[in-house]
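Each chain gets a letter, A, B, C and D, in the order it is written, and its residues are counted from 1.
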Amino acid sequence: MPAPLVPLSDAISRHVHDGDSVALEGFTHLIPFAAGHEIIRQRRRGLHLIRMTPDLIYDQMIGMGCATRLTFSWGGNPGVGSLHRLREAVERQWPQPLALTEFTHAELALAYQAGASGMSCAVMPHYAATDLEALPRPSVRRLPCPFTGRELTAVPAINPDVTILHAQQIDAAGNVLIRGIVGAAREAALAARRVLVTVEERVETLAAGMNAVVLPAWLIASASLVPGGAYPSYAQGCYARDNRFYRAWDEIARDREAFSAWMERHVLGVPDHAAQLRILGVAA
Amino acid sequence: MPAPLVPLSDAISRHVHDGDSVALEGFTHLIPFAAGHEIIRQRRRGLHLIRMTPDLIYDQMIGMGCATRLTFSWGGNPGVGSLHRLREAVERQWPQPLALTEFTHAELALAYQAGASGMSCAVMPHYAATDLEALPRPSVRRLPCPFTGRELTAVPAINPDVTILHAQQIDAAGNVLIRGIVGAAREAALAARRVLVTVEERVETLAAGMNAVVLPAWLIASASLVPGGAYPSYAQGCYARDNRFYRAWDEIARDREAFSAWMERHVLGVPDHAAQLRILGVAA
Amino acid sequence: MSVPAYTPDEIMTVTAARQLKDGAVCFVGIGLPSAACNLARLTHAPNLVLIYESGTVGVRPNVLPLSIGDGELAETATCIVPLPEIFAHYLQRGRVDVGFLGAAQIDRYGNLNSTVVGDYAHPAVRLPGGGGAPEIATYAREVLIIMKQSPRSFVPRLDFRTSCGYLGGSGERAASGAPGAGPRAVITDFGMLRPQPDSEELELAGLYPGITADAARQATGWPLKVAARLETLPPPEPQQLATLRELEARTRTAHARPIHIPL
Amino acid sequence: MSVPAYTPDEIMTVTAARQLKDGAVCFVGIGLPSAACNLARLTHAPNLVLIYESGTVGVRPNVLPLSIGDGELAETATCIVPLPEIFAHYLQRGRVDVGFLGAAQIDRYGNLNSTVVGDYAHPAVRLPGGGGAPEIATYAREVLIIMKQSPRSFVPRLDFRTSCGYLGGSGERAASGAPGAGPRAVITDFGMLRPQPDSEELELAGLYPGITADAARQATGWPLKVAARLETLPPPEPQQLATLRELEARTRTAHARPIHIPL
């Protein structure tokens, strides 16, 4: 008895609350932009955003004042440069201060994995590699390996209140297929208290090989049909990453006014993602 | 530049030595019987056998005197009953004593995972569940979680000298596809110092979806073409598990003489696995 | 006493199946538990989620597997995950509602032995060992135990505690921090034992038609207590029996099929 | 001095590509490292194994990715693994021969800063952060660093140490237990720096044609030492340049392609 597909606006309004810790995951691929934009439209505040690579979607959410805290491991525009809204929040507290909890990729992936495994923490070898460890952050601790005596790094589990993923397909029973680069999306979902998904299409039976990455329906709190929901990120087999947009964002986000105007026109000023894609000329 | 396919007898004689720790993995599915039988034919001695579920293949290797140590987590004939040769080695030291290192499934899977990750150990929550913990075994230790203070169980990494897997396909570049139930096969392979594979068939390009389980060629020390190499276990998409044989084994293995006669006729008395399959009437 | 129109295995299987609510997530063991779960799925609980420790999630087999990892499970699964994940992401993460266990020995608090009879270092009988049982016993929200009752298997003291029930009873399990609630019922060939709410000692809670409490007591190696309200468990319904027998007939045919490997 | 027939980026890329032996397993970063690795693969090292941190192993892209996870990588990979595994099973397990790094700041021992300029709590410039770099720097058997040389980036003292080079030099890295050997070379727009074997301080080891040691010194924020044998690095070969330019032309065309999403 899978939950029926619900409009994305209903899913966000029901499952994402002010002050929640929220992970919109997907490593470069399948980033749930439509869901992030709906969170902006619904003016959520005080969110603790969690993502390995904040990417443009968190740049936008941070710039629009949704977040007071960010847990991340690499905060740039991939292949392009800075996330200017993230930078301005950290460097000049605009639109408000943003508390950072910073990990390396390996640490944050492990933190999700620990959360997905019902653990309070997980361990990796420790080496004197980085000043990150010296920060006053509540993130990693050292302990000796009980077998070798060598130092280990313990990373605390992350269990987001909500994890949101975008995926290619949902079947009639509500099972969800992710095809291509998965990043730590599955671990972030399994770690979460609630899992929301947006999907490109609904099918009778998933086009999935025997060892495909499938999230069973019973792990999912809510599913919404949002074609193009990962744009300007991509959905393998559906549409490519809009590398032109990622480059163009550098200029848009560099300036507060240009940023605000873009968000006004393309996010706040539209009812949903489909309307945005039409304005951008990406969808007919 | 993948290594060319080599005869299985060459692979075993080159890569499996007396006294090695050897993991023939595959959870119920894809158990490398042909490789195990070749180890018996080459009369390896003093092996430390490692497998989550010893299954018939280790019953046979133990009964034939290959092993002096066994690391495992469940030692029965699945769905049938006892492994009589394993029992006789433990209960009556026949044909020789067998030292046991015993884990639960979750612990042994974690030990492989730690080995595959270059770790000295990995941790899981600790609960007062089992007397296994009280055994004088070099296996698990306790330590407090540095964040919550709750007790954790640390499991030491396992890094076999050799891991042997059976798989469905190898491609022209030497990459290997596993399709279906994978168990801890991949972790056991990634943990090993040397990986040997036997495969059902060689193809130009793997019949693999984007997220299929593929072992890259450069992780593999040696590959051999052995159709039917998992029999009486199975290879998904190629042939089914011979549940009749698993039931019949109960009678054969119950008695030392019947066991020795069976091994003499079907393993020592044949040049290779294909000949065994013909005698058994399984292959034409 | 009239001869019932069902075997002891059949009424055990049907009784176990009746414990399962539709939609529950079950971690299934091989043998009677597998038959019971699939019978439930084919009758009153079509949305039962069956997980086998081979990493197969959401299976809907047409015939019962002999092993925990038959190809039938892979072919009908929603997804297949590596074995480390089935324990970490599903069981340890608390996603499993019901776990099934059997064993060679059980004590009055539902603790189980599947490791050795006799001394560990010099056992009289070396049993298969823990496998997935210790973690199933710890993490499943509740556990159902299926075992034939005899003084050899229902013992006053385990030779080895492989998997925990209520430890020493009277809340000791909960105090140990074990996440799951422990054994909810032990289904035997005589009837059903349930933990007394305070002491957590197993007591006879139900009997199959025609079975006496005395018979059950004699098949138990400790002085078996009887619940204040001793239930008579219903016999299998015709439709349940028919479904189970068809399932087992299909299974026998499938398992007898000879294997042919083209070389 | 004649104008060379190649850009600084081109000779940096070709020089980096030349460091790669056929068959090596490379953990590839985006930008120049990605161009260098694919150039090597398309010329002298067809069996180079390229791993991107998005979990794509053994990729053979026809165009360069803009991001670390473009679809082109997934489509041409031998296999795709989850992100936790690419770090645990490949990098941490010691399977990576060569890791590539860049940064905003480097010091004389090859330590790198990609976190902040200024104070961490109140930074003048918030940089993207560590990402995969701290672990690449620690675990890759050897590291190649690609950075444009200037006094602002080649600094006497890092504002923040994100990733380790030789720490304080003279064996301090090895003593720390870091599994990898550390930076083997720093490839700049002037030439190449290599660690002096005893002190492990980076020294100027090679210059591109037409570049002087003085120019390189002036672009360095510490007193740059010059190796006893200062090599003149060869210019790109015509075939290398042609291959690189074709690759980049294909890339530009692909990245300029408009996206159409059917709703």
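A few comments on the model shown:
Heads up, the rule we're going with is that a contact is a pair of C-beta atoms (placed from the backbone, for glycine too) under 8 Å apart; a residue touches a chain by one contact, two chains touch by 3 or more.
Predicted model only: the values in this text are computed from it and were never measured.
Counting C-beta pairs in contact, the pair that comes out ahead of the other among B-C and A-C is B-C. If you average the Cα atoms of chain A and of chain D, the two centres end up 27 Å apart.
Computed centre separation for the pair chain B/chain D is 41 angstrom, with centres defined by C-alpha atoms. In chain C, the residues touching two or more other chains are 74-75, 80, 88, 92, 179.
Among the residues of chain B, those in touch with two or more other chains are 117-119, 124-125, 150, 180, 182, 210-213, 236. By the definition of touch given earlier, these chain pairs are in contact: A-B, A-C, A-D, B-C, B-D. Only residues 30-31, 53-56, 65-71, 73-75, 80, 82-84, 87-88, 91-92, 115, 120, 123-135, 137-138, 160-164, 167, 176-179, 255-263 of chain C touch chain B when the two sit together in their complex. For chain A in complex with chain B, the residues that touch the partner chain are 117-125, 141-143, 145-148, 150, 152, 154, 156, 178-180, 182, 208-213, 236.
In the complex of the two chains, the chain B residues touching chain C come out as 27-29, 52-53, 72-76, 78-80, 82-83, 86-87, 90-91, 102-106, 109-110, 112-113, 124-125, 127-132, 135, 150, 180-184, 186-187, 227-228, 231-232, 234, 236, 238-247, 274, 277, 282-284.
By the touch criterion given at the top, residues 23, 25, 47, 49, 57-58, 74-75, 78-80, 88-89, 92-95, 139, 179 of chain D touch chain B in their complex. Contact residues of chain A toward chain C in the complex are 1, 116-119, 173, 175, 190, 210-219.
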